[in-house]
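First subunit A sits with subunit B, and in the next complex the same chain sits with subunit C.
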Partner chain A sequence: MAKTVLITDDTAFMRMTLKNVIEKNGYQVVGEASDGEEAVALYKELKPDLVTMDITMPKMDGISAIKEIMKIDPQAKIIVCSAMGQKPMVIEALSAGAKDFLVKPFDAERVVESLRKIGS
Partner chain B sequence: MDLSSFKEVFAAEARDYLQSLNEDLLDFEKNPQDHSTVDEMFRAAHSLKGMAGTMGFDELAEFTHEMESVLDLLRTGELQPTTHVINVLFMAVDTLELLLDETISERPISSYAEQIAALRALVENPQVAETAISGEMTYSAELNEFNRETIKQGIAQGYKAFAVSVVLRPKTILKSVRVYTVFQALEEVSTIVQSNPAVQDLEDEKFDRQFALVLLTKESGDRIRQIVEGISEIESVRVEEIVLDTVEAVDKAQDETAAAVSTQVPSAPVRISRQEPLVRVETQRLDKLINLVGELVISRTQVIEMVKSGESTDRMGALDQLDRITTELQYAAMSLRMVPIKQVFDRFPRMVRDLAQARGKDINLEIFGETTELDRSIVNQIGDPLVHLLRNSIDHGIEPKAERIAKGKPAAGTIRLSARHEGSHILIEISDDGQGLNIDRIREKAIERGLLPVGTKEISMAEAVNFLFHPGFSTAETVTDLSGRGVGLDAVKATVESLSGTIDMESEPGRSTRTIIKLPLTLAIIKALLVKVDGETVAIPIQAVRENIQVEPGQIKTIQQNDVIMLRNEVLPLYDLADCLGFAPVDRSGPLPVIIVEVRGEKVGFIVEDLIGQQEIVIKSLSSIVGDVKGVAGATVLGNGRIALIIDNSTLIG
Partner chain C sequence: MRNMKLDFLKELANIGTGHATTALSQMLSGRLFQLVVPDAQMLPFTEAADYMGGLEQVVVGIFVVISGDVKGYMACLHPLESALVLIRLLTGEDKAEIDDMGRSALQEMGNIMVTSFLNALAKMTDLLMVPSVPGLAVDMAGAVWESILAGAEVTSKVTVIRTRFSTEGESIEGHIIFLPDDEDFNRIARKVGLGDL
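This part shows the complex of A and B:
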């Protein structure tokens, strides 16, 4: 069965790009969240195998969302997505429990590698 | 042409060449820009090749040829003197030495294909050799800095140590964060002991694509590799278990000390000790001996003439001359037995270099007084104790680089080895500017061993040193290949004492340790105190004698049926020397001469019949028919032609 993925990003464009890459490579995108709060709520509901998490988002940022999700499920597999120049935040996200990171603009191969390695 | 008669000469000269290759290589390593050293090495290898070829020792000639090719490239600058190249050359010299031993002793020649391949690799592809090494270089540099002690303790506690070398994919974004994920993943299952480059440099992205870690874990190497491979953007990962020093024979100082993690240099196998069948003596000394023998012949003629003619005019003159000649002859003959201590010291620079490299320490070895001469038989036996002391300095004395810098000491430690004459003794001193003796630890250990009452708060430096020399006493926490392998300083002390020497140690905690070995110049002739026992003359080696006193029979007390005397508020056991040797006991009616002798560190009194005086005596061993007699070290022929037994004070009383 295909692994399920929850995409979190505040821009529809980024969600679309990611979804495209992810689904082309045999994963199933089960939900899309546009902020941290939504991501936490959807995680509870959908229990996806993998989560991609943007950092800068309205309402609840990605790092807080990671922390919340880790509280719900310490085994959660979250890949943090950042823009260039967000190094300290990436490290914070990783120490909060994210398993890998991707840097925008996304490189399709990198996205797939990350999903494969973290998902296995 | 039969060349077999030249074999010994060939061997002696070949060893000289090897020794100078070793020395030159050490120099070269310190100063790689010095072309004259390379030229020197090239010439040595070349000469060796020629000699071996002439003798028909093909394997030796072939191997030297390979080495010569490498040296030639170094000479022309086509090959750069990297650490790897130098390590390969050291390996080559070691291999040559083994090859030479095998050739000379006519043992079957082992295969050295691996070593030859290592040399050829340098010749065939100098550039590749270099780049291949640059990766390897960071690797070994990292090992030189890791905290060996931690690893050692970790291994003792059942952890495994691994060197993990990771290469990131080209164009990895946020390299430092990537490294962070590697750290994070590994820290879940292991303790990272060291990283190279340092963590700060990794964070600042001051590295290319490769970094290496040393970690302690209970997981397998495969699991570690899997964990790293499960991280994105990793191009390759290599995991190697770190095995702390492989086999290293205690008595072979020059043995190849395998670096903590094997590098690409195949190590030379363990060498076999050799006996020198030939002794080389300065022509001058031989000439002097011959001259003296000539004079002796003349003197003999004079004496014979004198006796024949019955003239007594110049009797004293002739005897004086005879006396002078024999004394000189004695010294001239002795001098043939004397060799410079250089013979022992020569192997140390290399040993210290290898050990220091393996321990990741920077150590300068300074040698003084290597031309100091002493008896050949002592030279042959003093090597091992010195090796032990040097190793102690390297392993326990000199602190790791970081610790030294933190203490405000120069990063590189210094070990000073010196030899000098003092009277009829030679003093050998080994000092280091390391951490000195830890008196508290020695005290704790002594309490643990039951050598000190529980709760002892303080001991003096002298007491601490005494404990160190106590059999089986070792403060080394874990057994390393160096010290603490059961043979401790007590073994060193025993060897020194068997050479009629003494050993002492002093230390300024935190700053330095100094060990002083005092040895007689020769073992063949000693100064002895001659005494009379039951009408026989007995010699007591003077170094054991503390004093002689006169004791009235009434002063002898008895404690538990043993005789004792009081000497300056000290109670000393008292024995009758005649009784000890199985002669008729002395008549105790009048005042008795008593010799105070040190036996195994304790003062003991021996009653004798009479004192004769001090004299130099020549030690002759007892015939093998008699074998070892307890309490007797040998015998000597006295001036009057009679024989005197020489007391062995260490075994005289049980």
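This part shows the complex of A and C:
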């Protein structure tokens, strides 16, 4: 069965771009969240195998959402996809529980490589 | 001292804008962007809008508030025609006006450019610069510029870094504007060993 993915990004364009890449490579996108709050709610509901997480978002940012999701499920597999590649932010995301950090703009291969690595 | 400050600003603009256009190029399948040598000025609030030129021209402005070790404001401005070209290149759809997906694509592109600029500066200075969720406005340049300055709570002189970029075969023009808080700007200068400017 295909691995399930929850996409989190505040822009519809980036959600569409990620969805195309993810589905083309044999994964199933089961949900799309446009902020951290939605991501946490959808994680509870859908229990996806993998989550992509943006950092800079309205309502609840990605770092807080990672922390919330890790509380619900310490085994959660979260991959950060953010333009914000500054070292302190990368460290914060990884220590909050994220398994990988992709800096936008990313190429499709890098996304797939991360999904394979983290999802296995 | 003033020249020294402007020189330093230009160098910052060069590095930051170089990274921002590299990011844009990556988003657009490696298309080459030409950078015109960036220009930096310190201007009274009232003259800043004129400096951007073409106040009556309709532009798309994408702007973020910067927080962290360095506070300030950043924006990308594109003439409407360039914005429509960018939307076509990003989404593959040729539209006469900006629809929801076009807005979203521009917002994401602006966010990636601005953040790449800040990432480069952060790396150089070891200072954290966190961008907010980007806002987007489509209006006459004068109005967009005024709202950027108002958001930045600028009261007297502003430091503006202006860069133009274009690409062959497509007419894309844009400006990247960086408005650091004056005190924080000096902190950047001290970090790279220039002392207060």
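Assume the second predicted complex is superposed on the first by the 117 of 120 C-alpha atoms of A that agree within 3 Å, B and C clash if a C-alpha of one lies under 4 Å from a C-alpha of the other, contacts with A are read in each partner's own complex, and residues count from 1 in each chain.
Keep this in mind: a contact is a pair of C-beta atoms (placed from the backbone, for glycine too) under 8 Å apart; a residue touches a chain by one contact, two chains touch by 3 or more.
All of these numbers come straight from a predicted model, not from anything done at the bench.
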Legend entry - Clash-or-fit label for the pair subunit B, subunit C on subunit A: fit
Inset, instruction - Applying the touch criterion given at the start, work out whether A:Pro74 contacts subunit B, subunit C, both or neither, answering first, second, both or neither. - result: neither
Legend entry - Winner by number of subunit A residues touched, once subunit B and subunit C are compared: C
Inset, instruction - Please work out whether A:Ile91 is in contact with subunit B alone, subunit C alone, both, or neither, and reply first, second, both or neither. - result: first
Legend entry - First, second, both or neither for A:Met57, with subunit B first and subunit C second: second
Inset, instruction - Note down the smallest distance between any C-alpha of subunit B and any C-alpha of subunit C in the overlay, whole angstrom. - result: 8
Inset, instruction - Show which residues of subunit A both subunit B and subunit C reach, each in its own complex. - result: 84, 87, 103
Legend entry - Interface residues, subunit A side, partner subunit B - complex: 84, 87, 90-91, 94-95, 99-101, 103, 110, 113-114, 117-118, 120
Inset, instruction - Within their complex, state which residues of subunit B touch subunit A. - result: 173-174, 176-177, 180-181, 184, 230-233
Inset, instruction - Mind listing the subunit A positions that touch subunit C in their complex? - result: 10-14, 16, 56-58, 83-89, 103-105, 107
Inset, instruction - Show which residues of subunit C lie in contact with subunit A when the two form their complex. - result: 23, 26-27, 90-91, 100-101, 104-105, 107-108, 111-112, 115-116, 118-119, 122-123, 128-133
